[in-house]
């Protein structure tokens, strides 16, 4: 069935979790392109035939006008015209089907590439110019290039403005937090102080300093 | 290349709503002396021990965390007021007036200023109950103020968090109504509602638009 | 500020205008930009003033640190600065993301194009270049001649029928600070609705667009 492969391509993108990508489906993509060119191969001769029909109809009309013809000949010419018109209609519908299938395939191909490009663009906000390998291997070569170009575009806007927009993605919190030390950690150098951390000590420190200890289970954040 | 419309589903994240709520003013009683603060967001202070002053919530919480003040919970957070609201909320289909950011403000205060709230457990459970009651009547308490062609909804007294919760549903439902009430659709339904005896003939079919 | 930017600028409006801080205005611009489906006018003057204030404040904080002002005061100033910086960054970022998304539509619509800052226009032009190059390489050059446009589905299309654009009849939630009275939602002669102060309404963005632009209504 025409257009089936293209719709599979789109479904493949949609079935992926929002903001995630699967590997670029080169194989299916190429098959859809091939189908498009197949449609063109059908389309071209049909268009030629339609043109021929039109020319013939014109000729018929002209000869009817120019020469006086017998009733018999006139009936024959009328039947001929109807025959040509019928053939032309059938060719026109055939051409329409191939044209619409081609357009549909194009839309699906574009939707696939465009929506993937949207995801790739959004990566530009969270990743610094270099893609991690597990994402990079999922991209087509044009997509890799697109990521690089777009990241550079974003970078050039930010440097012109002299403002980094890739930080502060979420609203700021108090940079300091209150924590309780859960283990005897001993003396540590923090960004703004040197502290000796004994079990159950409570202290006030920079969130960025505390986070590593919290994630290791060596401290807990206190609220209230 | 149809544009997806899901970006509208939630305009603000929970963290962003909290950020907005942190600009609401609240009264604190400092226990230290500090000069006025001339911020981008405004001038606050001066701070004198035992002299109450108004500051944005984020500043109140920052000072509280550092042990520099006590926070006076807003009046609407008293047991008396909350009990009234809860009763009214249960008796009426309408939403009772509460601060736009009541959910975020109360949560921040429960997190950082528990000791400053009298009967904190009671206050907390009252607010939880109010939230529940309000949430359950979201289906009945919204008032349709226009239904001729363009549907419009009045969300009287809905809070920021509640508006954010109903946003995806309400906006999508209204968009659908809007589409269904577009001129072509109305024509169609007029034909249907004529209730002519011949059921099969619904009059001329609407012409498909040219592409 | 242009005189008469908001309709019927009474003394009331004037007072609310001068008593509104840039921090408030920036917050409103951020909110509206985040909630509106289309890109709004770039708040050039406001952004410039905010950046100046941020810079001043950064200098103040440095000076405080040098002069040994107590760490508490310094950290509070820093927090205020962080909040303003977040608003500014998020505002600019929200705009760039809209430009990224609707760049082809914005580029060919003069009204929208003029809403961008100079830097945003440069950004948009490069975005179009990046995107069309990618679409051409991946798809378009592999298709038959008549089907190679990135704007039209085929040579048979009269209009650009393949350009993503924002849906302006999207519903938004909005709030007015003042009583606006009877307001006509659309031109169908439908009964006007009353927009009262501080109430929330869910309305089609299209119908209140002018009120957002004149600052009479806020998106939330």
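A, B and C label the chains in the order they appear, each numbered from 1.
Operating definition for what follows: contacts are C-beta pairs under 8 Å (C-beta built on N, C-alpha and C of every residue); 3 or more make two chains touch, one makes a residue touch a chain.
Because the structure is predicted, anything quoted here is derived from the model rather than measured.
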item: Of A-C and A-B, pair with higher C-beta contact tally; value: A-C
item: Most widely separated chain from subunit C, with each centre as the mean of CA atoms; value: A
item: Centroid spacing, where centroids are CA-atom means, of subunit B and subunit C in whole angstrom; value: 22
item: Between subunit B and subunit A, distance of the C-alpha-averaged centres to the nearest whole Å; value: 35
item: Computed distance of Cα centres, subunit C from subunit A, in Å; value: 25
item: For subunit A, residues that touch 2 or more chains besides their own; value: 107, 110, 114, 171-172, 174, 176
item: Contacts with 2+ other chains: residues of subunit C; value: 75, 79, 83, 86, 101, 162, 164
item: Multi-partner residues of subunit B (at least 2 other chains); value: 1-2, 19, 58, 62, 66
item: Subunit A to subunit C touching residues, read off their complex; value: 33, 36-37, 40, 99, 102-103, 106-107, 109-110, 113-114, 117-118, 121, 125, 140, 142-143, 145-146, 149-150, 153-154, 156-157, 160-161, 163-165, 167-168, 171-172, 174-176
item: In the complex with subunit B, residue positions of subunit C that touch it; value: 21-23, 27, 31, 34-35, 37, 50, 53-54, 57, 72-73, 75-77, 79-81, 83-84, 86, 101-102, 162-167, 169-173, 185-186, 188, 190-191, 193-194, 199-204, 207, 219-220
item: List of subunit B residues in touch with subunit C within their complex; value: 1-3, 5, 7-8, 11-12, 19-20, 23, 34-35, 37, 39-42, 58-59, 62-63, 66, 68, 145-146, 148-150, 152-158, 160, 163, 167, 170-172, 174-175, 178
item: Residues of subunit C touching subunit A in the complex; value: 51, 75, 78-79, 82-83, 85-86, 88-90, 92-93, 96-97, 100-101, 119-120, 122-123, 126-127, 129-131, 133-135, 137-139, 142-144, 147, 150, 153-154, 156, 162, 164
item: Contacting residues of subunit B [partner subunit A, same complex]; value: 1-2, 4, 6, 13, 15-16, 18-19, 58, 61-62, 65-66, 110-115
